[in-house]
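Below is the structure I would like to discuss, written out as structure tokens.
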Amino acid sequence: STGAADRTTATTPVTIAGSDYLGGAPVYTAAQDKRWAANGLTSHLQSFATGRDALNAVLGGQAEYGVVGDLPAVSAILGGRDIKVLAALSSFTDWRLLTTTSARITSFADLKGRKVGLPEGTNVQYALTGMLTEAGLKPADVTLVNLAPNQITASLARGDIDAGLTFPSFYDATGTTLGTKYRELRYAGYPFRTLLIAGPGANTSTSTAVLRTLTAATAAAAKDPSAARKAVITQAAGAVQPAFVNRHFASYDYDVTLDRPLLDLLLDEGTWAKSTQKLPGTPDRATFLNHIDRAPLTAAAATAVTLPAK
Amino acid sequence: MIRLEGVEVRYGDALAVAATDLEFAQGSFTSLLGPTGCGKSTLLNVVAGFVPPSGGRALMDGAPVTGPGSDRGMVFQHYALLPWFTARGNVEFALKRFGLPRAERRAHALRALDDVGLADAAEKYPAQLSGGMRQRVALARALAAEPRVLLMDEPFGALDAITRRRMQQLLAELWRRTGTTVVLVTHDVDEALVLSQRIVVMAAGPGRVIADHRMDDGTASPEDTRPRIVAQLDTEPR
Amino acid sequence: MIRLEGVEVRYGDALAVAATDLEFAQGSFTSLLGPTGCGKSTLLNVVAGFVPPSGGRALMDGAPVTGPGSDRGMVFQHYALLPWFTARGNVEFALKRFGLPRAERRAHALRALDDVGLADAAEKYPAQLSGGMRQRVALARALAAEPRVLLMDEPFGALDAITRRRMQQLLAELWRRTGTTVVLVTHDVDEALVLSQRIVVMAAGPGRVIADHRMDDGTASPEDTRPRIVAQLDTEPR
Amino acid sequence: MARAAAPSVRRGKTASTGPPLVSAGLLLLLWWAAARAGVLGDGLVPTPWQTLKAAHAMWADGTLAADLRASLARAGQGFAYGATAGVALGFLTGHRPRVAALVSPVMSFLRPIPAIALVPLITAWFGIGEQAKHLVIAYAVFLAVWLYVHDGVARIPADYRRAARTLGVPAWRRLTEVLLPAAAPSVVTALRHGAGLAFLALVAAELGGAQSGIAYRLQVDGQFLRTDHMFVGIIELGLLGLAADALIALTGRRLIHWSTS
Amino acid sequence: MARAAAPSVRRGKTASTGPPLVSAGLLLLLWWAAARAGVLGDGLVPTPWQTLKAAHAMWADGTLAADLRASLARAGQGFAYGATAGVALGFLTGHRPRVAALVSPVMSFLRPIPAIALVPLITAWFGIGEQAKHLVIAYAVFLAVWLYVHDGVARIPADYRRAARTLGVPAWRRLTEVLLPAAAPSVVTALRHGAGLAFLALVAAELGGAQSGIAYRLQVDGQFLRTDHMFVGIIELGLLGLAADALIALTGRRLIHWSTS
């Protein structure tokens, strides 16, 4: 039952709850290029402050699809919610530990015994675990300070924390604010994936059309990145800073896939979340595979699915 | 007709009015006299339906009184004017239920205010009136509502002698004309004698009726009654 | 000594009291008589310092009155008791400034309440008192404060004849004993004649003084004065 | 109601623009000095001048006007719903102690529950349309308005109601001509507080599904720590609240022209 | 103040536990039915039973008690500061119209500004310690308490003050023996509202710098979509608010035992 969109002249409405204009860029470039209509779809793009809010919209049936970060999806899957991962849209590895010169932290190993501020329960905490592991440290070796993403800069400036982790949108402003005191440590060990998920209301033929659209949009963006950047800026209508898009667009690796590393990431993140937050559910392969729907992407772009079925 | 059957009022443990039987005949004019704090207002409040008796019951035309009603009008000891209405507004407030056209209602209210000598103060708010003026607005309002029973709690207490006499005449005329049942609480023995057919004298500690003078059935004349009442009011302790 | 020099009070455009000159000598006892709404309370309020005159000025011992003060006590027409204090509490409220020990202050307050016949009601709150009882608490409170000038706005209006006479005696004794300057607003000509050395008669429309009877300097005797005052009160329109 | 004689009753109580201007000037001066002195953290607090420039930029590109329009519409609608419900329930419970005993604990229970915590539920049930936003605002306004109206109605002197009933005034007129004016000062205060909350609640209401709005912009700009833009938003909210408050207070003063003593 | 004669003045006004229990029961039933019927969205609303289990688990591992303790301490401290400041300023402005004209617009300006939007500033100035949290809570409480107290004081009948002044009562005693009791009903209502806000403001206060607390837990559990845990937190907030409200209302009823009419 694929290709319904090709045969009918009437378009199918799809509602997509988004939260990340950069991670989910293909959704927006597709809109800018009128690619949704070309695939027989009328898209309604909702925008939320966080991936968790977007996920809630999907769970509540307000949107059929959601563009969310990996961690909210992992939480929902462990919680036994009725969602399916359809594809990863992008991957981001340009993480930074923010610190000041006066903190004298030049490597992750220097974090031992220091105060690190971050928004607890978000994927930057997962990133920190990776940084520590890389330096041979354990989470217990640092003092975690739970801070809102927008508090990190001020807390660093005051010296209330020695280092901080927050979302990429705050990187530039923190650099500007701290000036010469600013120091950052890069970390590429966490390939953050932005996922397309489907709620219970989605059907395979529509999902296929959605993925076909996104695949085409991704290919077009690869050919002309500057046009894609402009498209994101236009679509965001002020929700993201043009300068930010221009600077960080290249940090994202756009590819609509279902691959082995994705499963590994979900597994690892699930195990981490379960151990730190005592979440319910079992973070094993079967659980995640059960929540990955290969059919639509297979139908839309068979080669993009490299994830083994078992 | 109003009947009090063994009406008793307690505030907490204190007995304000001891078991009292009284009857106010249709169209009668009764004055209630007694020292301050003897329970005159309390008794009026029972008839008006504001205070439920702790014992006994009050009947209006045979039906137990369960709350206030338009059949029993009241001139409050502390006036109870509505501060957001002018003097005229307060009177019109009482007139609205008659469903008169606006202009007529207004004219009626102004006439009622004129009757109590407040034609000039019709557009003033209660806060802009002197004590005696407020009392007269309360009087005009109660009269305008044409209740079948008119309960009046010291309605002339804040008035000078001249105004007071005029208000007494107004009340007497109204009573004669409409046959309203009137129960008047007053501290002025002469006022009671001039206006009423019957004078009930109360005493304090606890509040109770100690005398019931009926001038209407010829058993008592004003001349004999006056000194008797004065004596009765005086014998009380305190 | 209190002097009013051309005192005039306007509320908005309305002239409540037209330019008035009056003097109340130290230790004098003056009654203020007049029809309701003629400005008696307003004049008292000017002396008390509640209402600033729109014209002229009020002087207390030569100094302009700018606000209320403990030298000028007041018995309010509407009592102004504090509902959160008992009768005794209200009196003690006035006594505290004398810095007596607690027990003594308490005894003093109870004595003051006994003087006004309210020994039994000392622990009751204003809401639990009848109108006349409240008025007497207000009286006891004002007297207890021992002001040099005592301004009284119909202080006996809600009292029965017996109680009223007793309160008049109380006031007369106090005045004789302490030499307080008293200004008494009343509607009762006889009360004014019995108590005061001087009677100021006011008229309305606008409020103004129309007569000043001085019984203290022998220029007027109570017998002649009474009919004159009654006539003066009656000649007024309305 | 006639107003002719009113001024004489309440003289000296009319609002003047002088003192508010004084306090505005003082605040500005304080802000400028603090921002200049750098005590506020470098770059974390913009100067009045930087803020003004940001406001100008936001005005020029149209976002300021669009945000204002969107937020005003939302706050207005939400306020209208919440205030209506709060006033209505306040009169009911203030008048009927039995109903109050049922309702009051529910309100006390709901009062400390932040609208923001309910946003996921509201998103799930009511979506992200304007109605869901109105609901969030109405909820916040309702709770605050109810309490004060309830309190005001419960404290109406018994004599007013008694007088009305002995005059044979029917229930409907007792409500409109006795309870309503008697509780009017409390209602005005409740509405003033409610108006402030309506703008405050925009933060929760515009959390999801909005593409414009002051609080939406605050959040978006917050993502990039654009403090100058954020200050524009904060000041916008403050000025809107101030304007709404002044409007309600003024209307209240015109309606409640009598004095009770 | 003596209480002996009080019951007679205010009979029928004592609180009973019956109606609150009825409304609690009704709410529970409604919740259970809704969760069972599944109308509330998949997994978004836990059943009462699931919530109870979550509460038990949180109790067993100690987080519930730790969160409660942390939040209660914060809300209590913040409330104490904010309420004290609000009551004090309310008395000042209610009593002095000139000061009110200066202060009132500032308050109306601040009222619509969400504490959450100020969190970055507060972090910059006051850091992330407990004091910063108390400040956030105090700010929210202060604004609400001030308005009601101001309003209540401004409406005290002039005669009370006049009586006090003619009796030579000095300013301090006029405050404690006249203004305070006269405005007491407004103060109680203000504090009831303020107590609810103190818990509400935990959401902004525990946004950062906290490692325990009800709102902190709500936020972290929210990240992981643990709705059963979140419901425990929401109900905790509600019950705390309810308890604080009942306590203040009860204390108020005991203190304000007189009747004004």
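Each chain carries a letter (A, B, C, D and E) given by its place in the written order, and its residues are counted from 1.
Going forward, a residue touches a chain if its C-beta (ideal position, glycine included) is under 8 Å from a C-beta of that chain, and two chains touch if they have at least 3 such contacts.
Here the structure is a predicted model, which means the values were calculated and not measured.
Asker: Compute the shortest path length in steps from chain B to chain C over the network of touching chains.
Answerer: The least step count works out to 1.
Asker: Could you name all chains that are in contact with chain C and with chain D at the same time?
Answerer: Chains touching both chain C and chain D: B, E.
Asker: From chain B, which chain is the farthest off, judged by mean CA positions?
Answerer: A
Asker: Which chain pair racks up the highest number of C-beta contacts?
Answerer: D-E
Asker: CA centre of chain A versus CA centre of chain B: separation in Å?
Answerer: So the centroids are 82 Å from each other.
Asker: What's the distance between the Cα centroids of chain A and chain E, rounded to whole Å?
Answerer: Going by mean C-alpha positions, chain A sits 39 Å from chain E.
Asker: Using CA atom averages as chain centres, what separation in Å is found between chain B and chain D?
Answerer: Measuring from centre to centre gives 47 Å for this pair.
Asker: Residue numbers in chain B touching 2 or more other chains?
Answerer: Correct list: 11, 78, 128.
Asker: Note the residues in chain D that touch 2 or more other chains, in rising order.
Answerer: Residues 5, 8-9, 41, 44, 120, 124-125, 158-159, 222, 225, 260-261 of chain D each touch two or more of the other chains.
Asker: Hunt down the residues of chain A that sit against at least two other chains at once, touch-wise.
Answerer: Answer for chain A, listing residues that touch two or more other chains: 52, 56, 59-61, 150, 153-154, 157-158.
Asker: Could you please specify the touching residues of chain A with respect to chain D in the complex?
Answerer: Touching chain D: residues 46-49, 52-53, 56-57, 59-62, 149-150, 153-154, 157-158, 167, 169-170, 172-174, 176-177, 179, 237-241, 244 of chain A.
Asker: Can you list the residues on chain D that touch chain E in the complex?
Answerer: 12-13, 15-16, 18-20, 22-24, 27, 40-41, 44-45, 97-98, 101-106, 108-114, 116-118, 120-121, 124-125, 143-144, 147-148, 151, 155, 157-159, 185-186, 189, 192-193, 195-200, 203, 215, 218, 222, 225, 227, 230, 233-234, 237-242, 245-246, 260-261
Asker: For the complex, give me every residue of chain A touching chain E.
Answerer: 52, 55-56, 59-61, 71-72, 75-76, 78-82, 117, 120-122, 144-148, 150-151, 153-155, 157-158, 160-161, 200, 273, 277-279
Asker: Help me check something: in the complex, which residues belonging to chain C touch chain E?
Answerer: 48, 50, 67-70, 72-74, 76, 78, 80-86, 89, 93-94, 96-97, 123-128, 141-142, 145, 147
Asker: Applying the document's contact rule, which stretches of chain E touch chain A when the two form their complex?
Answerer: Residues of chain E touching chain A: 41-44, 61, 119-120, 123-124, 127-128, 207-211, 216, 219-226.
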